[in-house]
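Note that the chains take the letters A, B, C, D, E and F in the order they are written out, and that residue 1 is the start of every chain.
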């Protein structure tokens, strides 16, 4: 196991992430230009989609059905489990609990990719349709947690108002449909889903001429992206103290729980060891691309320090460095290998 | 023919363009960062130039002479034919007609590349010196149309003034030489012509080490670029109604006419089927990189909605999806294949 | 020799640089978007570091020791020799002399890369640990020159004050430690040193999947970067007159002197012809990434026109086009080839 | 040159509000606006720009009534929970009728 | 700290005018300027930024006379056909002589 | 809507000063600031942006005393050797207590 951990730590991805953290701790001025960061994330999401779409064109619906069902089940379960733990065990307020739960109910695309790379470097390539599962898992978790948050904070506000009717004027609440539209047409969705459909339509013959761009460069581009993520995580490290031990415990134990459940469900649905590991990682991961703006817009009372620190500075490095190898061990056990 | 159309539509280029349009129609927030767009266009223009220059170093002057003559003839003819049709058939005002004609007299680099890719995927590679023809065709059309516009609007203004001498003070007109300098030293010219000369000087031996960057990545980068062009075209779609049916008819029939003439002249000048198709496409295409700023600066009275909508939302998709295959059919007929 | 010069001039790097100068002289609006420039420099520095680190993991400490010593010696000698010449021969003031000397005591990463490419294209590949030497040479020169400048300008200011105690209030001087921190954690240092360590840790096995990104694209990306450097140099050309003949002489003769000393020391330390050439080039080159901001912040009295013109518009093109082939000749002689 | 006094309303707010604020000012009847990306720190001191983008600055030349209306909306719907500030400056324009 | 009143002239215009306006203000004798890229919408409501770039904002601290001169030029040569606005603000500086 | 007059201090300076000036204003006790990248030319006419980056513009809403203090610091430590200007504008805010 330590062997696998060490190999994983010496992968370009983990190393670049650590370099980013160290640079930030040294107070270096290093930072990727904003447009480069945006360009890399567009490239990465579109490339995952394209590749996944091309692979999907080789897949029969039958293989795909059970994993898809299981993924949607995970997307409905994880935000609720996360909310309940946050509210009842970690004692967060309604808005904060719902805000954090939206992140853990969704999925981190970079963690997804890192697990894909890891399993195939370990000799267990994952199924071609995994990116499709990624898109299935991305949205429901955010919506469910935000709905919980919106309903319960409204009820709380009403209760307060009845006690003290002379309170200040309330801000106009935002219609849920607007939020759903924003999440469904967010950049990451369009690129992932659009890429999937394009890949599916262009097949291998169309993909071949663009492969040097979208596939051969992928890992290098991802390395640069992780450097930036390390910088972002590094600048959040001091918030760990503000966040408190409850959040740190949540950010490491919740992924282990979600990851184990994901691994069992994946194996049950007939995924390979690689696919099971990747599904477990998705369940365990916390979104930090799609979830933060959605939460910020809909639940402004939730403190961003909590959800960003948990997703970016606790759970992301935990999964990247320790989590993924653990989920693979569980997946091997669950798949009976 | 529908077969060819379908293959063309499922190429990464067309698909990415359509994805961009769809994303815009869904009101997605997706957009490429501005610097990425600029970076891609610099890369694409410079790469076309370099590649063309390297190929040019294999070409004898003799093969090149007739096609070059024919290209210059097209560059002088198309702006005038476009102006006359716009003014007399479509009934546009002087400034608007001249502004639109400047776009159709020049050439769209991306349409050029798409046709190059298309013919070589169909087994008819085009001549190596085509990018040289591209640069020959880019400038004259803009200059001729702008000169027509400048002279005729000045005459019109004078006529008005004599009728009503108490009119408001006239804006100072801009010297034509400034405009010519701007067009000749525009980014796209420097990159194309500079690339051509550099490629010519560095030959295969110098090109080889930079080939993975400038050639292998080319189609992937172009796919991303077309995504952005789709977004831009999508946001102009609703202007189609403002523009009216005359503009839509012009934007599809004029390219067919210019394309047919281009194909005949190309075949007559001894180009291969591939080269003839590409020349026809150039004649049929409308510029939207070099022409718009030149027209905006020199003929501010011309309404940008007309020329941008025509070039970007009508003629570009028409050529990309339907036009190029048609021009190839004509080219095959004209070349007697 | 003219043969070698011509070959060098027709390399993509030199040609792109010349194209940039020409574009600027033609007053073209061409310029790389700022974020593309930043992205390219991040990419190039990180890629040099990574590659160097991977190579370093194959190197024994023994081979490396003597070249490292010699490099540090050069890092201490060149800023002092440059300062003395500037102050006593070229008659610059203290601040200006120290500011320029900081640039010549440090090293230009792009000149370094160009020399690496040149020697390997000539059949004399340089040692794998050269990037390590680059990082050793980058800092000391800047610090030494700035320290000289800070001490001597303070002494001068004190002397003035004693003559005329009623002078205006002095600006608060900046602590040297802050400057050292800035230079040590500058973007270029983090990327180079970080890349070296990452490459060293990931070894060939980790490097392989990111190689298409960091190695195959390297020369193409560098070509684009040199286009931008040409634009920057071109816009400084008219400052050559303001700068005067002393600076032009300094900017060409000082590199020759430093290059010759570097070549002798390199050969003496046992480097190959390639490595000796590269070391000589480093000694001869003038920094324009790390040095300018450090000098600007610490010695604001030094006129940036002098040091930027010298480094960017005189010494950089001189080394790129003429210097490197000369240093290789000296290196061949010094190594007895 | 004869000039007219009008009001320039400036809003600086966190980036997620960009589209909402632009809709808000357009609904209030402004005749135009200028918008650009900025960075900043304020009472909320949230360093969240890595993921949530930095700030957005919106400037709009308006009549006193519209400025007032917009300030009330900002006070009610945005100042309590979001990072946002607003201020007005008196400026002079030559085409007064263009902005009211 | 003793301060002096001067005028800040702000121009927002479509991007193709950038170099022309900078030449214009320099010919009018300004002592400096600050310029940056912005986006915006106004009476001309043209969504042309995909191809023509967005807007440019130019700020220059000037004397009242130069402000006046520049406003007349803008009114005559630019406001009729181009997307462009301009306004002036009264500001205070400590080195009054630097700007006139 | 009741508004309060406060001062907006604007600094435009060469890019290397960015972190130093932000530290400076925070030490002077400002409650917030907004910062963005600009380009410009002034009396020092240095076209050094290729290598040294362009300019930075810092805006901070402050009380008159802090504005005064900051202007003196700028005058002593920055104006002599660096490319930098500063000016103040009177503005109106609705939450006066937020800025002092």
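Quick note on the criterion: a residue touches a chain if its C-beta (ideal position, glycine included) is under 8 Å from a C-beta of that chain, and two chains touch if they have at least 3 such contacts.
Predicted model, so just to flag it, every value in this text is computed and none were measured.
Enquirer: What are the chains that chain A and chain F both touch?
Expert: Common neighbours, chain A/chain F: C, D.
Enquirer: Could you give the fewest steps needed to travel from chain B to chain E through chains in contact?
Expert: The fewest steps needed to get from chain B to chain E is 1.
Enquirer: Decide which interface, D-E or A-D, involves more C-beta pairs in contact, and give its chain pair.
Expert: Here the pair linked by more C-beta pairs in contact is D-E.
Enquirer: So which chain is farthest from chain A, going by the mean of the CA atoms in each chain?
Expert: The most remote chain is E.
Enquirer: Counting only C-alpha atoms to place each centre, which chain is farthest from chain F?
Expert: Chain centre farthest from chain F's centre: B.
Enquirer: With centres defined as the mean C-alpha position, give me the chain B-chain D separation in Å.
Expert: Roughly 40 Å separates the two chain centres.
Enquirer: For chain C and chain D, let me know how many angstrom lie between their CA-based centres, rounded off.
Expert: 46
Enquirer: What is the distance, in whole Å, between the centres of chain E and chain F, each centre taken as the mean of its C-alpha atoms?
Expert: About 20 Å separates the centre of chain E from that of chain F.
Enquirer: Can you list the chain B residues in contact with two or more other chains?
Expert: 29, 33-35, 39, 212, 216-217
Enquirer: Could you list which residues of chain D touch at least two other chains?
Expert: Chain D, residues with two or more chain partners: 36, 89-90.
Enquirer: Quick one: which chain pairs are touching?
Expert: Result of the pairwise touch check is A-B, A-C, A-D, B-C, B-E, C-F, D-E, D-F, E-F.
Enquirer: Please name which positions on chain A make contact with chain D in the complex.
Expert: Checking each residue of chain A against chain D gives 169, 171-172, 231-232, 235-236, 288-289, 292-293, 296-297, 300-301, 304-305, 308, 312.
Enquirer: Hey, which residues of chain C end up touching chain A in the complex?
Expert: Residue list for chain C touching chain A: 33-35, 38-39, 42-43, 46, 181-182, 185-187, 189-191, 194, 197-198, 201-203, 206-207, 209-214, 216-217.
Enquirer: Any idea which chain B residues touch chain A in the complex?
Expert: Contact set of chain B toward chain A: 10-12, 15-16, 19, 22-23, 26-30, 32-36, 39, 117, 212, 216-217, 219-221, 223-224, 227.
Enquirer: Could you pull out which chain E residues touch chain D in their complex?
Expert: Contacts found on chain E: 10, 12, 36-43, 55, 57, 68, 71-72, 75, 79, 85-90.
Enquirer: Under the definition above, what is the set of chain F residues touching chain C in their complex?
Expert: Touching chain C from chain F are residues 14, 16-17, 20, 46-48, 50-53, 76-78, 80-82.
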